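The next part holds the structures, each set out as C-alpha cells.
Two complexes, one shared chain (subunit A), two partners (subunit B, subunit C).
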Partner chain A sequence: MKAAQPRLRALACSGLAVLLLLALLSGQWWLGDLPGRMQFDARLAPPGLDHWLGTDALGRELWARTLAGLALSFRVGLLAALLGSAIALGLALLTTLSPRLDALVRLLIDTLLSVPHLILLLLIAFALGGGLQAVVIAVATTHWPGLARVLRAELLQLRAAPYIGISRALGKSQGFILLHHFLPHALPHCLVGALLLFPHAILHEAALTFLGVGLSPSQPAIGILLADAMRYLSGGYWWLGVFPGLGLLLMVLGIERIASGLRRAL
Partner chain B sequence: MLEACQLCYAFPPQPPLFEDVSLRIEAGEWVGLSGNSGAGKSTLGRLLAGYDEPTAGRIRIEGERFSTKGLRPVQWLPQSPELAVNPRWQVVRVLNEAWEPPEALRRAFGIKSQWLNRPVRTLSGGELQRICVLRALAPGVRYLIADEISTMLDPITQLALWQALKAEAEKRKLGVLVISHDAALLKRLCQRRYHLENARLHAAEHHQLP
Partner chain C sequence: MRLALATLRRLLRLGLILLCVAGVSFGLMMASPVDPVDAYLGPLAAQVSPEQRELIAQRWGFDDPAPLQFGRWLQQLMSGNLGVSHVYNQPVGEVIGQRFTRSIALLGSAWLLSLLLGFTLGVMAGAKERSPLDKVISAYAYVTASTPTFWLALLGVLLFSVYLGWAPACCAGPVGVPSQDIHLATRLHHLVLPVSTLTLLGTASITLHTRARMVALMRSDIATHAFAQGATRADIAWRHGVRHASLPALTLALASLGELFGGSILIEQVFAYPGLGQATVEAGLRSDVPLLLGIALFTTLFVSIGNMLADSLYHMVDPRMRRPRKPGSIAS
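On to the complex of A and B.
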C-alpha cells in the first residue's frame, strides 16, 4: 500500500489538474465579456459584496479579469511548455545518433545557458513583435536547455547499457533503437520536465507582459493587471495588485506540486 | 572459421591488457578461455563480437572482415542477463527482438509460455539468461561468445542451459567460445582450452570430450 501511495497522490493531483484545466478553459465561455465590461459608477471600488475582489480604474470586475488572466496564462504556459519540451526531447534524442551531433547539441545548450535568459527572452519577444505567439516562442526557445541537459545525461547513461549494444548486434537499426529503447526511457522524464517548465513559462509570460513586450494591453493577462496595479499602488488601491498576484502564485504552486508528485510517482 | 590475429588491446594510459593474441574457432568447435579476474577475458570476447575495436591486429570470419551493420554473425552473451534486456519490455518482446524462436526450441531451453507476457523484471536471473541465450541464436549467427553465462546459476539450471545450447550448437554447427573461471566446466565442454595470463594467451593441454 505504501508503495502505491505516491502513484495515488499523483493520480489525485492529475485529476485536480484536469478539473482546473476545464474550469479555466470553460471560463472564457461563462465569463463572456465580463472581464472587459466597464462600470463608471463603480470605479476603483474596494472588495465587498457587490464587487467580490473590487474593480479597477475603469470599473471592471477584478475577479473576472483575474480568472480570464489565469486562463490566458495557462494557455501560454501549456503551449510554451509543450514546445520547449518537444525541442528538448528532439535534441536529446539527436545526441544519441553520433558523437559529433552530441558535441553540437552540447555547444548549443552551453551557449544558451551562458546567456541570462531574461535578456534573451526580452530580445526574442521584442524581435517577434509581441503578442501570444511571440511570448510562447520566446519562452520555449529559452527554456529547453535545462531539460535537454537532463534528458541528454539520461540517454548518455542508457547508451552505455549492454542491452543497447546487444540490440545493435542483433541487427536493429538506429531508428528502431531510438524509437523502442531511447524514447520510452526519456518520455517520463520529459513529461515531468514539461510540467516543471510550465510554471516558469507562466511567470515569464507575466514578466514579459509586465515589461510591455508581451501580450497586448487589451487582453486581461496577469502581467497587464499587475502593470496596471503599479500605477495605482501609491493611491492605496491594494486589491489591484494583491488578487491577480495571489491567483498567479496559487496556480504556479499548484502545478509545481503536481509535477513533484508525478516525479516521485514515476 | 572465426580467426583473431595478433590482437592487442589497451585502455589508453595503462599498459596493454593483452598483446599478440591469436585465436581460431572452427565452425561447430567449442573453445574454452580462462584467466584471472582482470586478465582481459571479457574484453577479448567483446573484441571478437565486434563491440570494441582492437588497438592492433585483425578479426576475420572465413577470411573476411564482418560488418557491424545488420545481424552480426558473432554474438556476445554477457554475464548479467538483467543488464542485457530492456527493463521496460515484456519477455516476449525481448525474446523476439531478432527472430521468433520456434516453440520446440523454447521448450528445449526451458522457457515456459506463461513467462512470455510478463514484464522482464519478474523473471529470475537464470530464467532471464535462458531468454538471452535463445534470443542470440537467430538464423545467421555462426559464433557465440558465452562470457561466464552460467556463473550465477544453480548447478541444475547450469546443466540444463549447457545441454540445450550444446544440442542446438551441434545441430547448427555453431562455434562457441566459453569464457569461465570454472576449469571443470571448460574441461567438460571444450575441445581446446586457452588461458589468458600476463597479457598473453597460453594454450592449455588438448583435451577431447569423453
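On to the complex of A and C.
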C-alpha cells in the first residue's frame, strides 16, 4: 500500500486538476455577461450578502470579474505553457543531432536566460503590440529555456546509454532513434515541466497585464482588475485589491502543489 | 594563469551573449508596429507632409536593409552613443545612470536582506525536519513563491499607508520637494515599504534551497557521526550546516538578480518609485525604442555579471567544482 501511495495521490491530484480545468473552462458559459454588467445603483458597494465580494466603480460584480479573470489567466497560462514546452522539447531533441546544433541551442538558451524575464517579456509584448496572442507568445518564448536546459541534460545522459549504442550499431537511423528512444523518454519530463511552467506563466501574464502592455483593458484579466484597484486604493476600497489577487494566489498555489505532487510520483 | 584564461573565456562568452541580446532586441524592435518616423517626430507628425517624411526616412536610413541598420546601430553603440530617449528628452545613458542610482538603493538592500533572512529561515527550518517551525517556514516560503509581486505591494500600501498611515504610499520623497532638499531619513522612510515587499518575496527561493541543503546534511553521515559524539542539533547546524549551505545560498542569490530586477519593476510601478523599473515601463508604454534597447542591454550586463560571479565563486572556493555540472532548474 505504501508504495502505491504516491501514485494514488498523483491520481487524485490529476482528477482534481481536471475538475478545476473543466470548471474554469466552462466559467464563461455559466457566468454569461455578468462580469461586464453594470449596476449604477450599486457602485463601489462593499462585500455583503447582495454583492458577495463587492462591486467596482462601474457597479460590476467583483466575484464574477475575478472568476472570469482567473479563467482568462488559466487559458493564457495553459496555452503559453504548452507552447513553451513544445519549443523546449523540439530544441532539446535537436541538440542530440549534432554538436554544432547543440552549441547553437545552448547559446540561444544562455542569451534568453541572461535578460531579466520581465524585460524580455516587455520587449516581446511591445514588438507584437499587446493583446492575447502577444502575451501567449511572449510568455512562451521567455519560459522555454529553463525547461530546455533540463531536457537537454537528460537527453545527453541518455545518449550515452548502452541501448542507444546498440540501436545505432544495429543500423537504425537517427530519426528512428529520435522518435522511438529519445522522444518517449523526454515526454514525461516535458509534461511535468509544462505543469511547473504553468504557475510562472500565469504570474507573468498577470504582471505584464498589470503594467499595461499585456491584455487589453476591456478584458476582465486579473492584472487589469488590480491595476484598476490601484486607482481606488487611497479611498479605502480594499476589496477591489484584495480579492482578485487572493484568487490568483490560490489558483497558482493549487497548480503548483499539483505539479510537485505529480513530479514526486513520477 | 589558469584563472586568467578561464576569466578571459568567460568575458568572451559574455561579449557573445551581449551581441546576441543586442541582435534579438534589435530584431524585436524592427518587428514592432511602431513607425520610426512617427516615433522620431512625436506630436509633430501631423504637420509633416509625405514628401518630408520620405526625406526623414532617407536621412536616417530607415529604408536600408535591416542588417545594414543593425551594423550602424552597433557601431554607434560601441562608441558609447545609446541614442536619445524622447520620453525623458535626455541621452539614454544619462537616464539609465540617474535611474539606476535610485534603484540600486532599493535593489541592493532588498538583495542583502532577502539573502540574510532567507538563509536564516532556511537553516532554522532545515535543522529539524518536520518540526512545527519547519512546517511554518516551509508554508511561508511556498506561499510567497506563488504570490504575485505587485499584489503583495498593493496590500502593503493598503495596510500600512492607507489604514495605518505608517509609511508613505508613493515616490522617493515628498511630492513637490526638489530631490536635493530631501533629508536622508525621509528618503529611508520612503524606501521601507518597497524594500520590505521585495525582500519578503526574494526570500522564498533562498529559504527553500537552504532548507533542502540542511535537510540533506542532517541525514548525512557527518551529522550521524556528530550526533554519536554527543553534539546537539544546534551545534551541527551551526558548525557544519552554515558552512555547508552558505555558498549555495550566495550563488543562488547572485544568479537570481534577474528575478529581483523583474520584481523591482513591478514594485516601482506600484509605489511610483522613480527608478529604472519605472523608466522601463514608461519606455514600453510610450514606445521609446532607444531607451528600451538601452535598458535591455544594461540589465543583461547586470544580470550576466551576477551569473558570472556566481559561477566563479564556486570555482574559487570549492576545489571539487573544477568540472561543474550545471544544476538543472526549471523556469527560474
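The criterion applied here is as follows: the second predicted complex is superposed on the first by the 266 of 266 C-alpha atoms of A that agree within 3 Å, B and C clash if a C-alpha of one lies under 4 Å from a C-alpha of the other, contacts with A are read in each partner's own complex, and residues count from 1 in each chain.
The rule is short, and it goes like this: a contact is a pair of C-beta atoms (placed from the backbone, for glycine too) under 8 Å apart; a residue touches a chain by one contact, two chains touch by 3 or more.
Keep in mind that this is a model prediction, so the values were computed, not measured.
K.L.:
Based on the shared subunit A superposition, would you classify subunit B and subunit C as clashing or fitting together?
P.N.:
Here subunit B and subunit C can both sit on subunit A without a clash.
K.L.:
Going by the contact rule set out at the top, does A:60 touch subunit B (first), subunit C (second), both, or neither?
P.N.:
Touch status of A:60: no partner.
K.L.:
Looking at the overlay, what does A:233 touch: subunit B (first), subunit C (second), both, or neither?
P.N.:
second
K.L.:
Determine, under the contact definition given at the top, whether A:149 touches first (subunit B), second (subunit C), both, or neither.
P.N.:
In the superposed model, A:149 contacts subunit C only, not subunit B.
K.L.:
Contact-wise, after the overlay, does A:184 reach subunit B, subunit C, both or neither (first, second, both, neither)?
P.N.:
Touch partner of A:184: subunit B, not subunit C.
K.L.:
Which touches a greater number of subunit A residues, subunit B or subunit C?
P.N.:
C
K.L.:
Just subunit B (first), just subunit C (second), both, or neither: which does A:51 touch?
P.N.:
neither
K.L.:
Would you sort A:248 into first (subunit B), second (subunit C), both or neither based on which partner it touches?
P.N.:
After superposing on A, A:248 lies in contact with subunit C but is clear of subunit B.
K.L.:
Which partner does A:170 reach: the first (subunit B), the second (subunit C), both, or neither?
P.N.:
A:170: touches subunit B, not subunit C.
K.L.:
For the combined overlay, can you note the least CA distance between subunit B and subunit C, rounded to whole Å?
P.N.:
Superposed on chain A, the two chains' closest C-alpha atoms are separated by 16 Å.
K.L.:
Do subunit B and subunit C touch any of the same residues on subunit A, and if so, which?
P.N.:
In subunit A, nothing is touched by subunit B and also by subunit C.
K.L.:
Subunit C touches which residues of subunit A in the complex?
P.N.:
Within the complex, subunit A contacts subunit C at residues 107-108, 110-120, 122-129, 143, 146-147, 149-150, 153, 193, 196-197, 199-200, 203, 206-207, 210-213, 222, 226, 229-230, 233-234, 236, 238, 241-242, 245, 248-249, 252-253, 256.
K.L.:
Note which residues of subunit B are touching subunit A in the complex, please.
P.N.:
Per the touch definition, subunit B meets subunit A at residues 49-51, 68, 70-72, 75-76, 78, 80, 83-86, 88, 97-98, 135-136, 138.
K.L.:
Any idea which subunit A residues touch subunit B in the complex?
P.N.:
161-163, 165-172, 180-181, 184-185
K.L.:
In the complex of these two chains, what residues of subunit C are touching subunit A?
P.N.:
Those residues of subunit C that touch subunit A are 13, 16-17, 20-21, 24-25, 28-29, 31-33, 142-143, 145-151, 154-155, 157-158, 162-163, 169, 257-259, 261-262, 265-266, 269-270, 280-281, 284-285, 287, 292, 295-296, 299-300, 303-304, 307, 326, 328-332.
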